[in-house]
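This is the structure I have questions about; it appears just below.
Letters are used for the chains, namely A, B, C and D, taken in the order the chains are written, and counting of residues starts over at 1 for each.
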Amino acid sequence: MGIRLGANQYGKAESRVVRIVRDTARHEIRDLNVSTSLRGDFEAAHVDGDQAAVLPTDSQKNTAFSYAKEHGVDSIEDYALALGQRLLEAAPTATGCLTRVEEYAWDRIPVDGTGHDHAFVRRGGEVRTAEVDRTGDGVEVVSGLTDLIVLKSTGSEFRGYLKDRYTTLPETDDRILATSLTATWRWTGTEVDWNGTYAQVRGTLLQTFATTYSRALQETLWLMGRAVLEQQPAIAEISFAAPNKHHLLVDLSPFGVANEGEVFVAADRPYGLIEATVTRDDE
Amino acid sequence: MGIRLGANQYGKAESRVVRIVRDTARHEIRDLNVSTSLRGDFEAAHVDGDQAAVLPTDSQKNTAFSYAKEHGVDSIEDYALALGQRLLEAAPTATGCLTRVEEYAWDRIPVDGTGHDHAFVRRGGEVRTAEVDRTGDGVEVVSGLTDLIVLKSTGSEFRGYLKDRYTTLPETDDRILATSLTATWRWTGTEVDWNGTYAQVRGTLLQTFATTYSRALQETLWLMGRAVLEQQPAIAEISFAAPNKHHLLVDLSPFGVANEGEVFVAADRPYGLIEATVTRDDE
Amino acid sequence: MGIRLGANQYGKAESRVVRIVRDTARHEIRDLNVSTSLRGDFEAAHVDGDQAAVLPTDSQKNTAFSYAKEHGVDSIEDYALALGQRLLEAAPTATGCLTRVEEYAWDRIPVDGTGHDHAFVRRGGEVRTAEVDRTGDGVEVVSGLTDLIVLKSTGSEFRGYLKDRYTTLPETDDRILATSLTATWRWTGTEVDWNGTYAQVRGTLLQTFATTYSRALQETLWLMGRAVLEQQPAIAEISFAAPNKHHLLVDLSPFGVANEGEVFVAADRPYGLIEATVTRDDE
Amino acid sequence: MGIRLGANQYGKAESRVVRIVRDTARHEIRDLNVSTSLRGDFEAAHVDGDQAAVLPTDSQKNTAFSYAKEHGVDSIEDYALALGQRLLEAAPTATGCLTRVEEYAWDRIPVDGTGHDHAFVRRGGEVRTAEVDRTGDGVEVVSGLTDLIVLKSTGSEFRGYLKDRYTTLPETDDRILATSLTATWRWTGTEVDWNGTYAQVRGTLLQTFATTYSRALQETLWLMGRAVLEQQPAIAEISFAAPNKHHLLVDLSPFGVANEGEVFVAADRPYGLIEATVTRDDE
């Protein structure tokens, strides 16, 4: 029984590409974090130390920066599609290229009621993401967002759950529900209005979170996912990773102070971690 | 020559106090990070191990949570003023109490064009801060913000500087200027509309950054500080700590691609660090 | 075409469990970060909001703490095996339980040449990890480490690689090679001396990194993985994620200073990211 | 009443300087994070936008890298003394230069019982620090360390403290005491064996922490500081910032499990923060 190389991939991670569009006096900014990774037949590089088939990660980085100009960044999906295609072509023994992009949003600084031409303030809040996985057979695009922090101060319960000998949690019919949402949605194709649908999906996620009663974070994720799929026929499935950021009611009774859902401690760790995918039923 | 105890203080840091105001169906949220610290005659606790004069940090934490209800959080300055006064009264050998509060902003989730009653999305962007230092002689209030990330894609130069044998930086008359601003402004008194002035100062900082030409980050800080002092007569001085977040133009010429201020790499480290105070001249 | 729930799991992440063994005056400390996750038939919790089958993440956390005493922590693998078994039994509709544990190492503080009985200093360096995935069909144990930061100041080259139009990297026959290693090794069974083999694998990884010439980080990972598999017959495969932490030679020639591999800037981002698995060939 | 520039300084922060000493086959590594800052008459740069007196932060960075070769890094104090002197000379209107250096420790990788010539593993644990403040009048050197994480599993109590209406903490005569120590010690001169005394002070801090009974973290800091001053006549004073990293006993009684100081939850926030200086009494 011998020893052999198994799955492997390599690339350049976290190139911080900033593109300014300055064709007119009204500049635009795209602020990206770009990672690319090639996979395929790179056994010689590992086993023989022969780099002849290896496109250096430095060249991958150079391509990422140059493509921000050559191809442009109309959307991060569009940019990642082009970048991945180029890298796959440039490395003959590669069979797949995974391109991941994060985008940080900026707003124009308001001056006298209108946004300034070339001065920006970083928006904060969620980070938009895209993952494009391209092979010789085709391409898969997954759009998403991360760190969308949402909270509802009522309209959430947690009760009727399974009890065992280690259960001490009291049931509650009114609690804070908060999470830092990561969501990724996989598209059935590439003929998509990436920027327009991003805004729509984000809006649907937020609105569903706000307007539905929650009997558990699991139910809320299901409702959010179903609403997105109902709205967006070109999305095949949506996945969530949602830390349940616990807000614990503080006992103020030793001080003679009532606390009916008014003062909480926001806990860092531990946190619940709820992961779920909502998908189309192909049957 | 003996050995003695010098300056000392102690307290509870980073209590994550969340206050929900739910007197009506339209909830409000104040999301705080609270640190308190007492100083004064605590020599016995150190030198003799005698804790009789020490108000435990745990009690300081309890007070922070209870005051979020008992006193409320109309503004973080107002809350910190009350909390510090209580702690100073509770610890007879203390001569001073420093209370620091950070506030994380939330927006109502928009539903059908209006903000939801009890569902929120964290705004991101800058963190609002307050420091209240109270002694038997009086109280000093310093308001502020941190992590206000701003960028201008033109309207910034850096040239005419001192050269020595280690200078290799080329002069430039058009660069990206970006910083993650920390600003703190000290008030002459406590009769202040804390929330209203916060919005005004933040607006003045942003607008001045946007609308003034920059010959160096130093000049921009000076202009921002001066504008705030001119607008707010009750502010005695304003201090800045501003990392110059370098955006370096990428050389795309090896690839035959022109890059006239369009593609940059956002560098993490090192960064310039510019610190300055703008103050009223009492002469 | 309908919409349905896909893959899902839930649990409690990052419980910071500290166990002191104090049966004698010579204490021992196990400092853990514990995450558990259940998967199986939890559709009712999502789709109907019915929590009857859901063992709360709070109960999972309680079990993690209690098992640190009831079962003890002879090794993190042994502890995770017991904890996962308990959770799977406690949740009848669960079909699988993933338990992940990180361990932070402490050394005894040296006093007069020997380690103190109950005073410790945190070692720093790498974090030991274990993942135990248990189903009704069996159990899979993956041991590992993360954040093992290693560097060689010579004995590393990178040349002979593929060039394309975006390649500007010069070839080098002497460079710094540095990485922050994450390694995970999967066992064929559970009859293992977990603590003894951990020390052996760590030692083999370090020694191989030190004593082999590197024609690329890929080759080095291969050599490290092969050495581990050759030494440990009960390991089925080992996987690596290794950021190539670039150390760039600084051009000091403008200052008339030679720099033949002596002064480098340690770059934060971007970094190469090399991932590879070395496995037994079952043919 | 006018508006004027107050205190200001500027410099380059966090240059990651790595120096390999390779005069023989047995290499040495110094891994540094260097920050420099100039202060003095820089009013024109702020108020008039005139940079003629400003030595760019980029030149400061270049000097930091070049001095790692030209001057070398026998110790971080020695290096910072030389670097600060150069920068002060290079900027005629500067009246002071603050140089701060962090050093990350590496061990040689053990191979067959001895340390390898050019392969290293990062030690982890505490970071060594130095601050050198140089003016025309003289120079002040402050050595230190940060992130020295220590814990004692017994030999610590906390009782007899002041109670008020917000006190709920029970007294304890046996608890875990843990902190992540930052200590800085100011020297009376510069004729110091920087590396030798660093090891001595670190050892004294650890040994005193281990061998003394603690009636509060305050008392422990006092004892540690006094021991250092008694041992090192050239140290004028030592200052501590010590977060009390709470380890809370977990109530396992609902599960019928006794827990007499055996299972704790390590809390992230809030934490006590104890700050104290121990100094020589000049009277």
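Just so it is clear, contacts are C-beta pairs under 8 Å (C-beta built on N, C-alpha and C of every residue); 3 or more make two chains touch, one makes a residue touch a chain.
This one's a predicted model, so the numbers in the text were calculated from it and none came from an experiment.
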Homomeric contact chain C-chain D: same or different residue positions, threshold half: same
Identity of the chain that, by mean CA position, is farthest from chain C: B
Distance from chain D to chain B - Cα centre to Cα centre, in angstrom: 24
Between chain C and chain D, centroid-to-centroid distance (C-alpha), Å: 29
Centroid distance [mean C-alpha coordinates] between chain D and chain A, Å: 37
Residues of chain B whose C-beta touches two or more other chains: 15-16, 62, 66, 166, 168, 254-255, 268-269
Contact footprint of chain B on chain A as seen in their complex: 15-22, 27, 29, 31, 62, 65-66, 68-70, 106, 109-111, 116, 118-126, 148-155, 176, 203, 206-207, 209-211, 247, 250, 252, 254-255, 257-259, 261-268
Chain C partner contacts - residues on chain A that touch it in the complex: 1-16, 35, 37, 42, 45-63, 66, 90-91, 158-164, 166-169, 215-216, 218-219, 221-222, 225-226, 229-230, 237, 239, 243-244, 269-282
Touching residues (chain side chain C, partner chain B) in the complex: 165-166, 168, 254-255, 268-269
